[in-house]
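What follows is chain A paired twice: with chain B in the first complex and chain C in the second.
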Partner chain A sequence: MAQVTFRVWRGEGEGGYFEEYTSEVGDGMVVLDAIHDIQAEQAPDLAVRWNCKAGKCGSCSAEINGMPKLMCMTRLSSLDLTQPVTVEPMKAFPLVKDLVTDVSYNYEAKMKIKPFKPRKPDAEDGTWRIQQDDVERVQEFRKCIECFLCSDVCHVLRDHHEHQGYIGPAMFVKSAAYEMHPLDVEDRISDLKETQGLGFCNITKCCTKVCPEHITITDNAIIPLKERVVDEYYDPLTRLFKIFKPNKSK
Partner chain B sequence: MSQTNLSLPQQRKFGQTSRTDAWWLQPVVVFLGLSAFIVYSTWAAFQGDNYFFFGGGAQYLSPFYSPVIFDDPAVFSAEGHAWFGAKPDIWPAWLPFTPALLILWAPGGFRFTCYYYRGAYYKAFWADPSNCAVGEPRKCYRGEHSLPLILQNIHRYFLYIALIFIVILSYDAWLSMWFKDASGVEHFGLGVGSIVLTINVILLGGYTMGCHVLRHLVGGKWNKISGKPVHKKAYECVTCLNKKHMLWAWMSLFWVGFSDFYVRMCCMGVWTDWRIF
Partner chain C sequence: MTTPYTTHEYDVIIIGAGGAGLRAAIEASSMGVSVGVICKSLLGKAHTVMAEGGMAASMGNVDDRDGWKVHFADTMRGAQYINNCEMAMHHAKEAPERVHELEAWGALFDRTKDGRILQRNFGGHKYPRLAHVGDRTGLEMIRTLQDHGIHEGIDFHMEVTVTHLIKEGNRVVGAFSYEREKGRFLLFKAKAIVIATGGFGRAYKVTSNSWEYTGDGQTIAYDAGADLLDMEFVQFHPTGMVWPPSVRGILVTEGVRGEGGILKNSEGNRFMFEDVPPNYQSSTADNEEEGWRYVTGDKHANRPPELLTRDHVARKIVKEVKEGRGSPHGGAFLDIAWIKEHIKDSESHIKKKLPSMYHQFMELAQVDITKEPMEVGPTTHYAMGGIRVNADTQMSTVDGLFACGECAAGLHGANRLGGNSLSDLLVFGKRAGEHAALYAKEHGDGTIDAAHVDTLVEEALAPMSRQDGENPYAIQHELQDAMQDLAGISRSEAGLNEAIEKIHALKARAANAFAPGNRDYNPGWHTALDIHNLLTVSEALCLSAVQRTESRGGHYREEYPEKTEEGSSYNTVVRKAPDGSMEVERMPVVPQTDEMKQIIEDNK
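So, the complex of A and B:
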């Protein structure tokens, strides 16, 4: 067991400060374990949101030494414990208290996305037939646990506060999961361009870097969506081609 | 925005972050790497000389100057390998001319609008952001949503031109394997320059064929690809290259600069081009 110093953000709303706590840590512990120890022994009023402790619920998102991470999946052995470990709430969302932020923006953004709209069933019993090759691409997006670390690190939200006209990388993944699905017949391209702010993304790839599920957000979701927008709005050749050979389906 | 009427955290100042790692290192390396290439390639493009090496029967053309659309007869007329001969008489005297200046806008534009480079130079040159979770110098932001950066969407047109360049550079690499003897007859051979120019086209090909736009055009734009075996295979191949797009981008950038440098050094007599056979 070793003594480690943690700098934990305390406060509500716009105010706040770093409080230092020293706690004993042992082999196999993650940051959330240490936070729980601090909560149990030194700061019973410390607010922290958590649930599964297995990296699947996406509740314990925070910023550890400045990088958005899941507290339950960040082993202390992966950090430099000779220096104080900084634990603070996500910066792209309003602070409720201590390490808890209000992530309702993401659910409001999700409501802007047109829902999945499948084509008519392939069989009389109301079922569809899909080839694995076709559905493979969107299966990656289904891994999203909605921890919103990708939206937290996105500078369009955390530094420029474009919450009104930008739905964020987490919701681009959601939109891509629908838009690229082989059964889907809905058109979301105009929404992505006009009201959901896809053009704000300048491909920093920070969202991909912090995703705990290792979803290749930028390369596999955002850039393909950007290219579909280019097809529709910025490429006269493609538009001309579509006049002579219109797509019967997506 | 939020039903609980909470306010967003205060925007951080430029460079402000809680990160404890060397977050500044990556943008600094990118800044230095791209700056070095821009300075060298601009200098090389304005030289207008030492771009075609024909010593020992070799035929090495610098990739910065390929294809040679018009040559400057005042500087170079020995081989007459330009597509359309000497530069036109109507070319204004005040306008700088070299064969490289006629063509470098195309590969330059391809790299400038490349999805990888965009993300890299936005960080390194504009600090937008400097790195992930690091405060920015500017409050206002338009991204690629409006002018001027909305013009980045022209990338696919640069891709079309870049693909033509790959064909031309492949031909140059092939020509670099043919050496003229004293009587003017060409023989197949291999010099160090042949290897340099061949590696160059392989790296440029790997970079161009892994382009995000190409990935979209060959298969990504369709939701159902199972009935299109050619597109499916092409999509898989491009995806494979695309996964290492950053690596291809840097290797090809370095090597295309080195290829020009190699040909230049041979032309100037500083380096000797060794023949393997």
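So, the complex of A and C:
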């Protein structure tokens, strides 16, 4: 057991400050354990959002020593404990209190994505036949636990506050999951270009770096979606085709 | 002056947004009634995300000998025949359709070679039966229901906790709640209410359950006069993590054993080959080679003993530890790395079949499961008992109050088979949603007494209006210690009585719980309100357990290690007596029809 100092953000809305707590740290503990100990013994009203404590629900997102992480999956032994450990809320979303932020933006963004629409069933009994390879191709996106750490680090949101016209990397992953779903027949490409701000992403790959599920967000989700936009809107052959059929270009 | 509250009105409200709650909401909404969902967490975070192994449904895609009759018989045997056979029938018959429907809403399952839904082996299921996607089936399920549900015109009230149901006569007409975020009070008026709040694993110290599992639904139903059933039956999953201490209890999926993982003691013995229960002897492999053939799809092989029912495997691990053959941190070794003897590229095979497990051990315990064994031991996992419901409609003993999923009782009896939970959520979630909507259509608005709501407001504010008092976290921790030691995997009359005394003492202290701070996102206050629920379900559990003087399924009594004839004849009911005390009574097990008896006999 060692005594470790934690600098934890306290406050509501616009105001706030770092409060220092000293807590005992034992074998195998993660940051969320330390926060719980502080809550139980020193600060009962310290607000923190969490659920499964196993890296599966994506509730306990925070910034630990400045790095966006899940508190439940960050082992204290991976941090320099000779220095105070800083725990802050995510920055891209409005603060509710202490470590809890208002992430409703992400839920609203998801509502803008057209829902799943399957092709007609393949068999008479109403079921489909799908190859395992096609299932595996989209697995990566379907692992998303909606922790929103990717959107937290995205400069379009964090620095430029484009929450209105931009659905964020988490929802690009969702769009990719639908677009590459072997049964889906919906078209989301024009929405992505026109109202969901796919073009704002300039591929800095910050989102990929922080994903706790190791989803290659930029390369595997966002870039292929951008390519689909290019194919549909900027492909010279398609454009030529549209010139000859002007009534369809509207 | 009284604190204000906001009123919402719906035909049907659903409390809880895991698999069962979401399925109920989708069904109710499809019937044209207005639906509001209230959930304690953010949408999509409910405990269903933790489910790993899969969803049991006898589609027969891998072994065409499977069918609903076999699934029914397996469920009955696993439940030790004291479950509700009518629910087991509905479940076995309807599960395949619920899986297909999920696929139509966008869920993607692993496939067979001919492109159909792949099914995997699991403990207690005769044939490969679990539709799955890797080891994150629960996430796939909740996300599919969530993403489908948000476009169905349902209102979601996130991070809202219900503290009381409100009745008019014997009919439920509303629910009183608070918003976690700002502490504002909300009153929901409804013609019918579905409870789908999950279990109460947080009553124990070592549990695979998330923080939300504080027995809220069981308690508000009990407080409203509903019967609780079979509360003594708690499932201790045999394989939870045991090291390091801070992750103790986190689930290690049964899928590890389904993929060929074996259990060993410190002497390197596969101890599960000893003491196979008589009713499973004919279907269990008697050597290692046969066990391996089974998990790799040989239809003529019997299953390895690691895939016996959870109650049995859990007690076997405890026995090894007690007799000094445990792993360094008090568990057993679960080894999947050994399959390299049979599979060339075992490392990538394991990573593909069990990706979350690989991750979980790498990141939390720094163990590479493709190379070394895991240390595992029992963890509190599932409540078989809960709110007593009608097998067809899922209505409780209170009019207009329905329950489905883990918070309801009946399907699983003394022991639940792995994979039967996710299918339970869908089958009975749908039924509850449907019947709640029908009830709402047939009944008018209820009346809520405003003065009563004012007392509920006051009661909720009490922990913050005190100047000093008991630390709610300390009460919760003491309860968890007591339940772990005295009402866990091995129980005795003396221990259970001690636990009941402790619960009474903690109740008295909880009445004086103190939460400093204000109503804004105040976990101390939330905990102070939650402990009433934890104490209520714990008391119901201990009272039920003390009167069941036999061992059966998840309930093991040291003084009575065997099953009794009498024990197979009744279920335990707990309800609130007119004087406010908890009364326990026995009721006869729902009788099987001749057809059911024949099916069970044919599938012995």
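The rule is simple: the second predicted complex is superposed on the first by the 236 of 250 C-alpha atoms of A that agree within 3 Å, B and C clash if a C-alpha of one lies under 4 Å from a C-alpha of the other, contacts with A are read in each partner's own complex, and residues count from 1 in each chain.
Definition applied: contacts are C-beta pairs under 8 Å (C-beta built on N, C-alpha and C of every residue); 3 or more make two chains touch, one makes a residue touch a chain.
Quick caveat, the model's predicted, so the values are computed rather than measured.
Visitor: Now for A:46: first (chain B), second (chain C), both, or neither, which partner does it touch?
Guide: Only chain C; A:46 stays clear of chain B.
Visitor: Would you sort A:86 into first (chain B), second (chain C), both or neither based on which partner it touches?
Guide: Once the two structures are laid over each other on A, A:86 reaches chain B alone.
Visitor: Look at A:235 in the shared chain and tell me whether it touches chain B only, chain C only, both, or neither; answer first, second, both or neither.
Guide: first
Visitor: A:75 in the overlay: touching chain B, chain C, both, or neither? Say first, second, both or neither.
Guide: Only chain C; A:75 stays clear of chain B.
Visitor: After lining up the shared chain so the two structures overlap, which partner does A:153 touch, if you call chain B first and chain C second: first, second, both or neither?
Guide: In the superposition, A:153 contacts chain B only.
Visitor: Could you look at A:2 and tell me whether it touches chain B, chain C, both or neither (first, second, both, neither)?
Guide: neither
Visitor: Using the superposition on A, tell me which residues of chain A are in contact with chain B and, in the other complex, with chain C.
Guide: Residues 96, 102, 131, 181-182, 184, which sit in both footprints.
Visitor: In the complex, go through chain A and note every residue touching chain C.
Guide: Chain A residues touching chain C: 12, 26-30, 33, 39-41, 44-59, 73, 75, 96-98, 100, 102-103, 107, 110-111, 115-116, 118, 121-122, 126-132, 135, 138-139, 142-143, 145-146, 174, 178, 181-184.
Visitor: Write out the stretch or stretches of chain B touching chain A in their complex.
Guide: 1-4, 6-12, 17-21, 115, 118-119, 122-123, 128-129, 132-133, 135-136, 139-146, 149-150, 153-154, 156, 212-213, 215-216, 220-226, 232, 242-243
Visitor: Would you tell me which residues of chain A are touching chain B in their complex?
Guide: Residues 13-14, 63, 65-68, 80, 83, 86, 88, 91-96, 102, 104-105, 108, 131, 133-134, 153, 155-156, 158-164, 180-182, 184, 197, 199-206, 209-210, 218-219, 223-224, 226-231, 234-235, 249-250 of chain A touch chain B in their complex.
Visitor: Can you list the chain C residues touching chain A in their complex?
Guide: Listed in rising order, the residues of chain C that touch chain A are 41-47, 49-50, 100, 103-106, 108-111, 113-118, 133-134, 136, 139-140, 143, 147-148, 150-151, 181, 210-212, 243-247, 250-251, 356, 359-360, 363-365, 471-474, 477, 515-518, 520-525, 527.
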